Amino acid sequence: MAKPVNFDKIAEKVRNWGRWGDEDQRGALNHIGPEILKKAAAEVQTGKLFSLGLNFDKDGPQLGAGRFNPKLYPTDLFTPLNPNVPGVVYSDDVIHMPLQAATQWDALAHVHYDGVLYNNCKACDTLSVKGASRLGVEHLASPGIMSRGVLLDIARLKKVERLDSTYAITPDDLNAAVEAQGVTLMAGDIVLIRTGHIQTFTIDKDRVAFGGTQPGVNHHCAEWCYDHSLAAFCADNLAVEVFSVEAIMGTDIPLAFHMLALRDMGMPLGEMFNLDALAADCAADGRYSFMLAAPPLAFTNAVGSPVNPLALK
Amino acid sequence: MAKPVNFDKIAEKVRNWGRWGDEDQRGALNHIGPEILKKAAAEVQTGKLFSLGLNFDKDGPQLGAGRFNPKLYPTDLFTPLNPNVPGVVYSDDVIHMPLQAATQWDALAHVHYDGVLYNNCKACDTLSVKGASRLGVEHLASPGIMSRGVLLDIARLKKVERLDSTYAITPDDLNAAVEAQGVTLMAGDIVLIRTGHIQTFTIDKDRVAFGGTQPGVNHHCAEWCYDHSLAAFCADNLAVEVFSVEAIMGTDIPLAFHMLALRDMGMPLGEMFNLDALAADCAADGRYSFMLAAPPLAFTNAVGSPVNPLALK
Amino acid sequence: MAKPVNFDKIAEKVRNWGRWGDEDQRGALNHIGPEILKKAAAEVQTGKLFSLGLNFDKDGPQLGAGRFNPKLYPTDLFTPLNPNVPGVVYSDDVIHMPLQAATQWDALAHVHYDGVLYNNCKACDTLSVKGASRLGVEHLASPGIMSRGVLLDIARLKKVERLDSTYAITPDDLNAAVEAQGVTLMAGDIVLIRTGHIQTFTIDKDRVAFGGTQPGVNHHCAEWCYDHSLAAFCADNLAVEVFSVEAIMGTDIPLAFHMLALRDMGMPLGEMFNLDALAADCAADGRYSFMLAAPPLAFTNAVGSPVNPLALK
Amino acid sequence: MAKPVNFDKIAEKVRNWGRWGDEDQRGALNHIGPEILKKAAAEVQTGKLFSLGLNFDKDGPQLGAGRFNPKLYPTDLFTPLNPNVPGVVYSDDVIHMPLQAATQWDALAHVHYDGVLYNNCKACDTLSVKGASRLGVEHLASPGIMSRGVLLDIARLKKVERLDSTYAITPDDLNAAVEAQGVTLMAGDIVLIRTGHIQTFTIDKDRVAFGGTQPGVNHHCAEWCYDHSLAAFCADNLAVEVFSVEAIMGTDIPLAFHMLALRDMGMPLGEMFNLDALAADCAADGRYSFMLAAPPLAFTNAVGSPVNPLALK
C-alpha cells in the first residue's frame, strides 16, 4: 500500500492551520464574510426555493449495522395541558439518531490522521466519550452556514443521469463544469457536486447500492477547493469523494479527500444533499449560482449535524 | 373556568382550513412565495449574519422531568477506516433528544382541541405511537422555512431589558413596535418577538425561571397575525405566548395562542429564538427586517424540529 | 378466514379472569406459592447452574426493521472520581433497546383481542404512549418469577436436532415428552419447551431463519397449560408457538397461543430461552426438573422485560 | 491528601489476580460452585420469596445530571398482527437507560486505578467507546449470579431504623452482626448489607438525600470479604460503601472499597438492593440466610447491569 499520488504535497499546500489564528475552530468558513453574503443575496432573482435535505425517518439510507436510521418516539399524545380540560391537548416526541444518518455536515473533528486534527489539535486531548472538546459542529453553527452556492452538475456535464459508480471526478471535470455552466467562482462559495448517485436511494430505494461503490471527487479536488478558497463542499452521494470498500482497503490514506478537506484545510463537507430538483431548475434557466442556507444545529462537542439545506434562486 | 375573551370568534375568523386546499399540510407557510422571497433577499444590505439558535447539549434549558436536554453519545472514536492503517480514523456520534429541547419549530400537529387538528384533520386518525400521519414537521421542511423576517423588539419598546414575567403583549404593543421601528409588514413575513425572557436562561442560567412564568403574546395577537398574513411567528421565550402554571389551570383553553395559531390558522410557531445579538444590531442601524432562513429538519411524522435560525441583514 | 379450531371454546375454558380477584395483575403466577417453591429447592441435587439467556448486544437476533438489537453507549470512561486524582476512575454506560430484543418475558399487556386485556382490562383505558397502566411487566417482577422448572425436550423426543420449521407441537407431544422423560408436572410449574430452533441463531447465525417460519406449540397447548395449572411457559424459539408469516395472514386469530396464554389465561410467556446446554445435562442424568429463577426487571408500565433465566439442578 | 489507612497493604493481600487463571473474567464469582449452590437450596424452608429490586421508571432514584432515570417508549400500541384483522393486536416498547439507574450490579470493569483493571487488564487496551472488551458484565451473567445469600442487618444491630448518614460500617460491625444473628458464613456466600439508607428514597422520596452523604462499609471491610471468600457483596445504599462528596474530594483513593473489591479482589458489587421486607422476615424468624438469585443481564462489553434480585427462604 502507498499514499495517494502527491498526498503529502497537497496536504502541505492546503493546510490552513494557523491561517485564522491558533484558536480557530471554523476553518474555511472564515472565507464567508459580508461581501460574499451580499453576493449570495444578489443571486436571488426568481424567488424559487429548493430544499436539499432527505427526510429523517426509519426509511432513511442507513443499513443499520453501524449507523442506523432515525427512531422517532412520541412521548405525549392527546396530553391535556390542563388536567381539568381533557380536550385541549399537545403531543411531543423524542428522536434517537446518528448525527450522520442522512443529509448532514461533517464537523472538522469528524476525521483525522497522525494523531492531529485541524489546526494542530491533538486528538488525544480533543476526542473522548464526552465528544469533541474542540472542532465540534457547534463551531460551524454559530453563525451557521450560509453563503453563495454553486452547483456543479457533473452528471449533466457527462451527459448521463448518474455517473458510473466507480467514476472519480477530477479537477479537470470541475473546471469543465464551471466553463460549461458559465459560472464564476468566488472566495467563500459553497460548491455542490451532483453525481446523480443519490438516485440509487431516492429512486431505486437501494440502500446497499447507495452506501456502496459510488462516484465522487478524487483527492486532487482538495487542492482545487483550496485554490478557489471555497468555504465548504457538498455532494449528493454519501461520501462526497469516490468510494469503494476496495479503495478503502487498498491505501494508506483511506478517504483521502476527507482527510485533506476536514483535517488539513478545515473545510466542512456536506453529504447526501439531494440536488436533483435544483439541478433541473439550473439547467432550465442556465443559472447555477444561488443563495445557500444550510445551518447545522449547534450540538455541542458533536462531530456532525443533520441539516436541511435551502437553495434560493 | 371560561374560554379566553372572544376565543371562538377569533378562532372562526382566523381558521384557514380549506384555504389552500383540503389536503394542505403547510398552512400559513403558503403565504411564502417568490415575491416575498425576493423581498427577503433585497433586505440584505450589510452582509451581517446572525445565528438565533441555542446550543443543543446537556446544559440546555430543560429541567428533565418531561422534556430533557440532549444526550450525545459518541459511537466511534479513533476508529480506523482501514483496519490495516490504525492512524487514519473517524469519529461518529448519536443524539437522543426531545424535538422540543431548545430552539425549535412547533409543527401543526403539535396541539389541538375538540378532537380536530388544522385543516379539519381528525386527531384520532392522525396521531398515534407512530407519530403524526398528517401535519408532521416534514411538511414544513419541504421546502424549508425561509422568508423575510421582521423583529419586533417589545422589550426595547417598553424600555426594559426584559419584560415583566407576567406581561401579556397585546396587538397594540405589536402595532406600537411596528410604528416605533419604522417597519412595514408584508404578507408572508415571519415575525420574531423579543421579550428579553431568554436571558433568564442565557445570562442567569436559571432553567426554572426560564420555563416558569413568562411574558409573551396574548391570544388576541393571533388575529393580528392573521390580518398581516404572516407565514410564521417566533419569540425568544419558551412558549411564545404569555405563560404561567396558574393561567394554564385557570382556563378552558390553555395556551390559547398556540391553539389559534397552530390548529386554526395553521401558522408554525418558533420557540426559544435567541434574539439579543440581532436586536442589538437592529437597534444600532434602525433596520428591523432581514432575510430569515430557519429550515426545520424533515423528521417524518414528528410534531416539532430543532432549528438553527439564521438572520442575514 | 376463520378462527383456529375450537378457539372460542378453549378461550372460554382457560379464561382466568376474576380467578385471583378483579384487581389481579399477575395471572397464572398466582399458582406459585411456598409449596412449589420448596419443591423447586428440593430439585437441586448436583448444584449445576445454567444460564438460559442470550447476550444483549449489536449481534443479537433482531433484523432491525422494527425491533432492533441493543445499542450500548459508554458515557464515562476513565472519568476521575476526584478531579484532583486523575488515576482513580470509573466507567458508566447507557443502553437503548427494545424490551423484546432477545431472551425475554412477555407481560400480560403485550397482546390482546376484542379490545380487552387479561382480567377484563379495557385496552383503551390501559394502553397509551405512557405504556401499560395495568398488567405491565412490573407486576410480574414483584416478586419476580421463580419456581420449579420442567424442560420438555420435544426435539429429543422426535429424535432430531431441530424440529422441522413448520412443525406444530401438540398436547399429545407434550404428554409424550412428559412420559418419555419420566417427569411429573405440578401446579405452579414453569415449562420450558425445546424445539432446537434457537440454533438457527446460536449456531447458524441466521437471523432471517430465526425470525421466520419456526416450530412451536399449537393453540391447543394453551388448554394443556391450563389443565396443568402452569405458572408460565417458555420456549427456545422467538414466538413460543408455531409461526409463519403465511399462518399469520391466514387466520382471524394470529398468534392464537399468545392470545389464549396472555390475554385469557394470564400466563406469562418466555421467549428465546437458550436451552441446549441444560437439555444436554438433563438427557445425561435423566432429570428434567430443576429450580428456575427468571426474574423480569420491574420496568413500570412496560409490556416486556429482558431476562437472564437461571436453572439450578 | 493521602491514601486510606493501609490501603496498599490491603490491596496487596486481597488481590486475586491470577488466582483463577490469567484469562479469568469472573473474579470472586469463582467461589460459587456446586457445593455452595446446594447449600443455598438447603436454606429454602418456608418458601417465602422476596424481590429486592427497585422499579425502573421515570420516578427512579437518579437526579438526572449524569445518570438519569429510565425512559420507556412504546413503539407499538394496538398494532394488528394481521393487517386484515384489526382487533388482534400487540404492543412493544423500547427502554433508554443507564445500566446504573437503580438496583444493579457493578461489573469488574466499572472502576480501576493506576491504569490497570482486575486480573492485570490494561485499561487502555480494555476500555473504549465500544465498551469494555474484557471484564464486562456478560462474564458475570454466564452463568448468572446465584448463591447462598446472607443478610447482615447493621441498622437492626445498631437498634436504629437507618444508620446515621455518615456512619462507616467496620469489620467489627460485620462480625457483631454475624454473631448477633447467629449465622455462619461460607465460602461463595453473597452478603447483603442493610443500612436502612434506601428509605430516603423508598419512603422519603428524597433523591438528593439518597444520592448524597450515606452510610456504608469502610475500606477495611474489603479484607473481611476476602477472608470470608465471599462471591459478591451488596447493600441497600447507592454506593455500598460510606460516601460523601467531601470524602471523595479528600483522599487519593476515592471509593476505596470499590477499588479493592472490583479492581483488586474481582468481587462484584450490588447496589440499591431493597432489603427492608426481607430483613423484617429474617428478624421475625431469626434466619438470615437464604437462596439468592440475582442474574445480571448479559450486556456485552457493559460495565453494569440492572437486576431484580430474588431471595427465597
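Order of writing sets the chain letters: A, B, C and D. Residues in each chain are counted from 1.
Methods note: contacts are C-beta pairs under 8 Å (C-beta built on N, C-alpha and C of every residue); 3 or more make two chains touch, one makes a residue touch a chain.
For clarity, every value in this text was computed on a predicted model and none was experimentally measured.
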Open item on the list: So if I look at the partners of chain A and the partners of chain D, which chains show up in both lists?
Closed with: B, C
Task: Proportion of interface numbers common to chain A and chain C (over half same, under half different) - done: same
Open item on the list: Taking only the C-alpha atoms, how many degrees of rotation bring chain C onto chain D, rounded to the nearest 5?
Closed with: 180
- [ ] Determine the centre-to-centre distance between chain A and chain B, using the mean Cα coordinates as centres, and give it in whole Å.
- [x] 26
- [ ] Compute the distance, rounded to whole Å, between the mean C-alpha positions of chain B and chain C.
- [x] 47
Open item on the list: Please output the residue numbers of chain C that touch at least 2 other chains, ranges allowed.
Closed with: 74-77, 94, 96, 128-129
Open item on the list: Chain contact topology under the given definition, line, ring, star, complete or other?
Closed with: complete
- [ ] Flag every residue of chain A that touches chain D in the complex, lowest number first.
- [x] 71, 73, 75, 94, 96, 129
Open item on the list: Touching residues of chain C toward chain D in the complex: what are they?
Closed with: 1, 32-38, 40-42, 44-51, 53-57, 59, 66-67, 70, 72, 74-78, 81-82, 84-85, 87-100, 109-115, 123, 127-132, 138, 141-144, 146, 248-249, 251-255, 258-259, 291, 293, 295-304, 306-310, 312
Open item on the list: So in the complex, the part of chain A that touches chain C is made up of which residues?
Closed with: 58, 64-65, 68, 74-77, 96, 128-129
